[in-house]
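Chain IDs A, B, C and D follow the sequence of writing; residue 1 opens each chain.
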Amino acid sequence: MNKTVSNAEEAIRGITDGMTLMLGGFGLCGIPENCITALVKAGTKNLTCISNNAGVDDFGLGLLLQSKQVRKMIASYVGENAEFERQMLSGELDVELVPQGTLATRCMAAGYGMPAIFTPAGVGTEVAIGKEVRNFNGKDYLMEMAFDADFAIVKAWKGDTMGNLIYRDTARNFNPLMAMAGKITIAEVEHLVEPGELDPNHIHTPGIYIHRIFQGSNYEKRIEQRTVRKK
Amino acid sequence: MLDKIGIAKRIAREIQDGYYVNLGIGIPTLCANYIPEGMHVVLQSENGILGMGPFPFEGDEDADLINAGKQTVTLLPGSSLFDSAMSFGMIRSQKVDLTILGAMEVSEEGDIANWKIPGKMVKGMGGAMDLVASAKNIIVAMQHVNKAGESKLLPKCSLPLTGLRCVKRIVTELATVDVIHGRGFKLIERAPGISVEQIKNATAGRLIIEGEIPEMQIS
Amino acid sequence: MNKTVSNAEEAIRGITDGMTLMLGGFGLCGIPENCITALVKAGTKNLTCISNNAGVDDFGLGLLLQSKQVRKMIASYVGENAEFERQMLSGELDVELVPQGTLATRCMAAGYGMPAIFTPAGVGTEVAIGKEVRNFNGKDYLMEMAFDADFAIVKAWKGDTMGNLIYRDTARNFNPLMAMAGKITIAEVEHLVEPGELDPNHIHTPGIYIHRIFQGSNYEKRIEQRTVRKK
Amino acid sequence: MLDKIGIAKRIAREIQDGYYVNLGIGIPTLCANYIPEGMHVVLQSENGILGMGPFPFEGDEDADLINAGKQTVTLLPGSSLFDSAMSFGMIRSQKVDLTILGAMEVSEEGDIANWKIPGKMVKGMGGAMDLVASAKNIIVAMQHVNKAGESKLLPKCSLPLTGLRCVKRIVTELATVDVIHGRGFKLIERAPGISVEQIKNATAGRLIIEGEIPEMQIS
């Protein structure tokens, strides 16, 4: 049950033009840096990317936008990216904005084999257009569908060769949800260890969800807003 | 007239001991600085933290530890970390006691618009729609009028909505106002030095004035 | 934010006749032993209990059945209990059998603020009677409603005074789900520690869900099926 | 004719390297003993384990570590523990490759009844309905006929159903049989020493016999 592949290039094999990808991360925190670089190198086109954000101009998902590999972006917030704005306004890029909790829960629904979920987020707004509204106990909810992704690409802190993953701090975010949701899930980790080295009580993502795993390299882990106080 | 810090200070008075609180970006974030000493409050950040602490000391920043505004933060003792589904799960199930956020417009009915201006680049709603649809107690921190001098407290919102009938209270540079469903904005307090007349002139929606309106107490 | 109460008697205060309780545990594993004892002592009547199993005759939820405090039992499997059988056949006890995954997911739905979920479990069986069936992508699903419980009572291994919980091995089971689902949630733990002693990355149940916590005593932790192999 | 161990041995041949497998109580549990050496298989127990190991050595039993049959078990390296929602989540999303369980009756259509006998004490379905509704590959281990000598492979189930059109393959003391939707039970193999005639006589549902039926290979 060894799921190790040697690097990002090998991990992304099978991702072809027009596929739908989920990419973990919140802002630039907990993003699969190595796989994004490999995707840029591979040049795969017309991708639909599901990710909470769209990176910045020169890092994260922004790199895939720069190289015009993304046809459609499904995200909750895309504010930090000038190239994104240009492509969206020119019509090169389709954008579907989804409330953040809805985005997370639609990933979870896919991983949990639930075809749809109900959420009050977006009721009475343009997000509700074309969606079924249903009242439970006097409150309106939207029915939102589970996502359907060909590949999910996640980043964890530690992983073992059987695919068990542990995330660190807020780099967890969407990663465990997307890990469960991909038809094929790729995990890149900072530390790859042998089975038995991780405490089974502390595993965030059981290996059953992971198809390929590798230890990434040269993590930049860029900080978007460096806020500090004086000692 | 209150400045941003004044608004934050006034809103901080709404926070009670034992509260779990979600603070939006901008003025709401400032509220954390004015929680009274000795009061134990836990801050939620919807990217996956309960027990968020202040910014790290210089040199202690950690790329893996940010808040929903993507700022580097710290953890306090008793904190916990979780994924985004659980984070919005606790928001939807109303475990968060108080949500404080900014707005572009609020209507008499408590509708809120704070995510999109037609014709301008749309950045996305982030977690705002989830928060306003679920939170049991929402306080809005905002300016009473926009830069063009137009009131942001309206009979109906003109901008695309973020959520319906959700705002309970609004604190602006001029006043504290409550939303009374079916009736309008009820004036609760005047900012220091502000007259009822000034508030009336700055409020396009129906303003309910009952009895003497006290001046805000801000420490 | 100290949620500590001194013992089980204090923890169950406010539980009154006719209420709906969720009780964590799978079989006798991970059950809130101290609170069950306190409930027997309190003599609260006409309870509706949501729990995966009903204990055995002389332990676990079986104790509440012996003292005839339970009016209705919602469970997935109730096989190990003669008094249960007697009360059910005599009509003293209402029983609602729910598929185990549906039970778990209806708890999770309550904790996640989702009024209902879709599951294929029970389609075409008597479990589906009176329920909405809905087809997604060619497969039928039942719509099942979130539970609504006045109190949830869970058992964890470690907890801190702010209510953060860590479970041990398969004593986790339904506990984290029910912890999220109670209007008021009580946690009993084997080890109660100060805030900061538990790694925030390893918390299974964040303290926001917990209203009262105490360190239990005299845990029996009975084994239902002691299966071993020879050295 | 196969005994229980024979059935378990035959079913174990269905397990492939790299499979995640959920084994029901009874004969299915025995299959774990006959997984070929060198094959890496992970056992799921729906109460919250991936990587379940054998029973503990005497004295090592741990009340906190049991399987879905409430038996004390152990963990193997690379195991993980999780709550019941995630456990059934991975079952529903078909991450488990193979589910092996017992049955009272199976119909020509692959319907299964294995949880309730009218007039007898009902113990509950436990996780069976979730498993049969979702598993992508379900193999049933059971006796071909019940104690009264009646076939358990029927045109239609007479007992309350556990799930519809879900069983792919059945292994009994007499035969291996596949369910071909819309056609019936297709005879795949005879148990050692069993004739096609004997299987025919023991099968109440429509039995499809095409060509020579080989005898099972059991190590």
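To be clear about the criterion, a residue touches a chain if its C-beta (ideal position, glycine included) is under 8 Å from a C-beta of that chain, and two chains touch if they have at least 3 such contacts.
No experiment lies behind these values; they were computed from the predicted model shown.
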Which chains make contact with chain A and with chain C at once? B, D
Chain of greatest Cα-centre distance to chain B: D
Pair joined by the larger number of C-beta contacts - A-B, A-D: A-B
Return the distance between the CA-based centres of chain A and chain B, expressed in whole Å. 29
Roughly how many whole angstrom separate the Cα centroids of chain B and chain C? 36
Based only on mean CA positions, could you tell me how far chain B sits from chain D in angstrom? 56
By the touch rule stated above, which residues of chain D touch at least two different other chains? 75, 81-82, 85, 88-89, 91-92, 134
Give the residues of chain A touching no fewer than two other chains, as numbers and ranges. 105, 112-114, 119-120, 168-169, 200-201
Touching residues (chain side chain C, partner chain D) in the complex: 26-30, 52, 75-79, 85, 88-89, 95, 97, 99-105, 107-108, 119-127, 157, 168-177, 204, 221-231
Mind pulling up the chain C residues that touch chain A in the complex? 105, 112-120, 136-137, 139, 141, 166-169, 200-202
What part of chain B is in contact with chain A in the complex they form? 45-49, 54-67, 69-73, 75, 81-85, 87-89, 91-92, 111, 121-130, 133-134, 160-164
Chain B partner contacts - residues on chain C that touch it in the complex: 1-2, 110-114, 160-162, 164, 180, 194-196, 200-201, 203, 206-209
Can you name the residues of chain D that touch chain A in the complex? 18, 20, 40-42, 44, 50-51, 75, 77-82, 85-86, 88-96, 134
